[in-house]
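Supplied in structure tokens, the structure appears directly below.
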Amino acid sequence: MNSYALIPFLPLAAFVINILFGRKYLKENAHWVSILAVAGSWVLAVMALMDVLNGNKINFDLYTWMLSGGFKVSVGFLIDQLTVVMLIVVTTCSTLIHIYSVGYMHGDTGYYRFFSYLSLFTFSMLMLVMANNFLQLYFGWEGVGLCSYFLIGYYFDKKSASDAGKKAFIVNRFGDFGFGLGIFVVFLTFGTVYYEPVFSQASSLAEATYNFLGYDVHLMTLIALLLFCGSIGKSAQIPLHVWLPDAMEGPTPVSALIHAATMVTAGVFLVARCSPIFSLSETALMVVALTGAITSLFAATIGLVQNDLKRIIAYSTVSQLGYMFLACGVGAYTAGIFHLYTHAFFKALLFLCAGSVMHAMGGELDIQKMGNLKKYMPITYATMLIASFSISGIPGLAGFFSKDEILWMAYAGESPVGKFVWAIGTLVAFLTAFYSFRLIFLTFHGKFRGTHEQEHHLHESPKSMTIPLVLLCVGAVAAGWVGIPALIGENIGVHNYIAEFMKPVLGHPEGHGTHGEEMVVMLISIAVGLAGIGLAYFMYIIRPELPDRLAQQFQAVYRILFNKYYVDELYSFIIVRPAIWTAKNVLIGITDGHIIEAVVNGVPSAIAALSSGLRKIQTGLMQHYATIMATGILIIVAIMLLR
Amino acid sequence: MPIAMPNLTPVMPELVMTCAAIIMLMAELVIKRKETLGFLSIVSAALISYLLLGSAGTTFGGMFVSDGYSSFFKLIFMANLVLTVLISPQYLHTMRINFGEYYALILFATLGMMLMASAADIIVLYLGLELMALSTYVLAGFIRYDMKSNEAAMKYLLLGAFASAILLYGTSLIYGLTGTTNLKDIAEYITNNGLAENPLLMVSMIFFAVAFSFKIAAAPFHMWAPDAYEGAPTPITAFMSVGPKAAGFAVLGRVFLVAFGSVRADWSLVLVPIAILTMAVGNILALSQTNIKRMLAYSSIAHAGYMLLGIIAGTPAGISSVLNYMFIYAFMNIGAFAIVIMLRTEGFAGEEIGDYAGLAKTHPAAAALMLVFMFSLTGIPPMAGFMGKFYLFMAAVNAGYTWLVIIAVLFSAISAYFYLRIVMLMYMKEPAGATLLNTSPGIGLALAITVSAVIFIGILPAKILGLAQIAVSSF
Amino acid sequence: MVPLHWYLTLSAAVFMIGMFGFLTRRNIIIMFMSVELMLNAVNISLVSFSHYLQDLRGHVLVFFVITVAAAEAAIGLAIIISLFRNKQTAHVDEMNEMKG
Amino acid sequence: MLQQLFFGYYAFAIIILSLLVVTRSNPVHSVMWMLLLFFHIAGLYLFLNAEFIAAIQVIVYAGAILVLFLFVVLLLNLREELSLRQVAGSWPSAFFIVAGLFVVVTAALGSYVPGPVGAYSIAAVRSETHVKALGKLLYTEYLFPFEIASLVLLVAVVGAVVLAKRKLRS
């Protein structure tokens, strides 16, 4: 047995121990089990990285769960370049956020429960990224969804929290339905669910079509789009993005880990993992690129006017996820994964800083009621500032390299929509810089606008919280140095290591452009970043009354943005309300209320009615039983003889 | 005429069982603590399981055959016996029916099942079946002061006798046609004399199908089951829902594949509508039940329907998946019944489904166990029930019954409603009052065994399935 | 010589009469007797088969059927007595506490 | 011819008696008709050269089982319930089902093909006597079922005792 199998199973063991003994025995010490386990996973992940760097690719089946005919399901692990990057991201963020949670969740009644869920989540996420077959991927996929559901609704006595959990669950159902169907089509087409045979056979089926109701559907496009449905749900892309901002009801470490750094990026990982299939379908790639681009623009514009600290960062996450899809859609999977990797650091950092702010503000989230926090929370301020520089693409920081790579690939790649998405991407870069610094300026600068009690309470967070901040901050600065583009790199003698590293799995398209063009693209992206910051400085520091005036001037636009384009209301109108109406008026109308209540809500009423009807046949009288038996015999004998 | 001593090695387990049962009858007179008898039964079950290993062979002029197939079923009977004995004592105390004959009768019933599984001759099959049935009738009516228990025993007995008469009529016809009652000889005679098309043979086969359908509680011959299950003492309900059903499948498989092997197309045509009707009746009627024992009775009917799929497939894979499913079913079903028994206290039946409301708040461990069993019965991975269903359905698909499997999956989706309704009640509702749990070491042990079996087989299904495949290959 | 078919038809007729009794009567004891009637019908056909096939196995089976019938009667009647103690009736339609 | 006449009488009597058994409202009468029926069936067995079976038909069925029935009928004192309607509501439907079954089964009986002829010809059985031949078979070839039958009887005894004993609760 390969010791790398322990990577996911250590957190699973921690989960089992915590859930069994947490309530009675571990109580306030529950975090030790989880932290040790995830740190162990991290060590193993680093060892795996070393191994892969030495050119090994590890693929093994741990044990076969079931085997029936040609259908085999096993727990198996594939550790290649892509997996290893994900492993490092997941275990690093997870470890740091586990540590941060010790301070953040201190004194919470469900302390052991929180850590056991975190461990379970880590397990599921690792199963997801390490799978060597689609079914295990699906298992991890559903597992992380379930944990996310538990953790969003962690404060289950708060109605908004449990509603948000439900919303996340239901919205993801839509995506997962397509995803499951996609896996099914994969199995039908290839006769296996293992990555290796599927991907190696994919190219031979590049032109295959599938006749569906008289239409010839391009098979690879069908599979790719079905799988992408899952990505849309999990990574909160339009039109299934509505759950992620609401998911901020969960504890902040959860937002950082699940809803920023790891789980929501699973969709990007899926596209990258299935790149051999996506690459065979131009249509699918175009859909991916456009979905990503539109989502990123859409979410960034909403982010401009929100006032809830965590929601702004959530929209920023949606927007950045769109960026990653944009990259994958133009064929630059490496760039997408690179951005995923850098994003994990600075976005987790942003959330943890937000958590630190919340901690100081006594749970307050409205940035209009903050201000001048840099005086009280220097470490939080410094780290959050760096993270914001990073996301805005200030040269030298992690976000700069990955974002630049994406924009250049979009501009110079072969994708027919490349130039278009590049333009959107550049616009989004500007908006990102603006709303990130709007957040910084409103929160940390100016005058404090909260209450007096809050002002008294203001303090820097405990060590267990600030140390992870600092460590993540190192990542937010330096994580990008593994992917320095050739343009800069050749002058200082470094390569684009990550692109070379990932090339065997994801390929690395060459940009069709000169160094001069590349330089221009880079300069534009730096310029828009700086412009965004400058505009934010102008509007919120120099002329703080300006935003309100603008909001009044362009009231219609402001309202639309503030209300997130009314998507929630739209869904409520076209899906939720009709569903509830049908349930209320049709289902309850047909059957009497208590059957519906007794049987889980929403049983097809016909079956329930049939059930109570059929019950009458079971009269309790033996003669009737015997009569029915005799009738059965008569019918069978008669049919068999007269046949 | 010299009488040769028959070879007793193959019947050794049955001999031990007979001795154990008779010893139990006599020991009952001197032993005051009846639990001791339960302990003795478990010891004998262990001894028999050990003896099963070296018992392969045919004896008594080919009337009795001990092969992998029968041994696998006997293993299920032993598990059934041990688990039933473990969950019994406390119920017997609560109901104040702690009579020693109880254990002897359970042993006799199990002996009957063992004889059925090994029967290679219709006479042995019939006598084994009656031995099992008569013991079970008495056990079902064991709470003599309770009207429901009497009623259960009465209905079971009368309808059982009716089904026996039908079985005997089928036997007489096949005897008249082939001049023998030995299953192998019957098969040989049918093929050698081209009887396969004979309408009378068809009638005989149908009568056999009906009688066995009665034993496995398949619709429309299932109607005794809900009443008998509801009225019988709960440990006996658990016992009845596994043992006689498994024995019924054992004889169904052997008779239909050996004796009627040449008319397979015909009997699968008979069994297909029975299977569909069984799944429909079991799953649909379970929806509107309010008594949990009754609900589990309908659930057990539905599971018989699923298992019929494996018999209909008729392939080695199909039969082995039936064996596998029966094994899994024994654990998950008795586990669920163990929880039902725990809820029963002096003066509180705890048999209404509503009594499970809020169980997770008052008794989280019991609720979690019930959750595992309900998930397994529904067939949610990674519980064993899922694997059982998966192999059954896969075998049926490979045998060309895809449409039947689609129907089965649909009905199995309906079943989620009534199983998960219990889970919902336990976890989502507030408890109505303080429910007392009637625990004992025996039940604790039974629950530990069942829950670990359900999870273990769910995670490592290959072991039991491999055993079942070996069992079928010898047949 | 009486043809075998006559016996078989007689047997079927008695079997069906027994079944008819079982389906219609509501006195448990008479239902019980109807089952005995069905068993006797089977015995008739078994004995006649045996006779015409010049074989004794049918007789052996009849022997066992009678044994089991006796055992069944003993237990059945014991249950009836038990039932009667609780509820002074032997009528099936008053015995449908459990249904549905 | 004589044989046919004998059979005709027996068949007629058996069917009439069976009908009487299942239609009499008074269980005591039913039992009495059944007693008569069993004697006729025993006669039929004699006719078929099954002396021993005829004997146990009389001894066990008529002598033991029916007496048990009668005993219970009288014990339960069912007299006051005699006035109840004798058929449970749906006798026409039961009649049609049973008649249908009779028709299909007898139709199938038309295709009966005799099985193989065995070694126990009437002469062979006569020379050995029926009891001895059957006894030999039971104690050699059918020893195993014979032993199981003893267990069935044991269970019946135990079961009857358990169900009928006086002490209801432990």
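Letters A, B, C and D mark the chains as written, and numbering starts fresh at 1 in each.
One rule holds in what follows: contacts are C-beta pairs under 8 Å (C-beta built on N, C-alpha and C of every residue); 3 or more make two chains touch, one makes a residue touch a chain.
Note that the structure is a prediction, hence the values are computed from the model and not measured.
More C-beta pairs touch across one of C-D and B-D than the other; that pair is C-D. Taking the mean of the C-alpha atoms as each chain's centre, chain C and chain D sit 6 Å apart. The geometric centre of chain B is 31 Å away from that of chain D, both derived from CA atoms. Centre-to-centre, using mean CA coordinates, chain A is 47 Å away from chain B.
Separation between the centroids of chain A and chain D, computed from CA atoms only, is 76 Å.
Each of the following residues of chain D touches two or more other chains: 88, 90, 94, 97-98, 101, 104-105, 107-109, 112, 114-118, 142, 145, 149, 152, 155-156, 159, 162-163. Counting only residues that touch two or more partner chains, chain C has 8, 18-19, 22-26, 31-32, 49, 53, 55, 57, 60, 64, 68, 71-72, 75, 79-80, 82, 92-93, 95-100.
Residue positions of chain A with contacts to 2 or more other chains are 615, 618, 620-624, 626-627, 630-631, 633, 637, 641.
Judged by the touch criterion defined above, the protein chains are all mutually in contact, each touching every other.
Across the complex, chain D is touched by residues 621, 623-624, 627, 630-631, 633-634, 637-638, 641 of chain A.
For chain B in complex with chain C, the touching residues are 123, 126-127, 130, 134, 137-138, 141, 144-148, 150-155, 157-158, 161-162, 164-165, 168-169, 171-173, 175-176, 179-181, 226-227, 230-231, 288-289, 294.
Residues of chain B touching chain D in their complex: 1, 3, 6, 11, 18, 22, 25, 60-61, 63-64, 92, 96-99, 101, 104-105, 108, 111, 115, 121, 123-124, 127-128, 130-131, 134-135, 137-138, 141-142, 144-145, 175-180, 189, 193, 195, 198-200, 202-203.
Listed in rising order, the residues of chain C touching chain D in the complex are 1-2, 4-10, 12-14, 16-21, 23-27, 29-30, 32-34, 36-37, 40, 43-44, 47-57, 59-60, 62-64, 66-75, 77-82, 84, 89-93.
Within the complex formed with chain A, the chain C residues making contact are 19, 22-26, 31, 92-93, 95-100.
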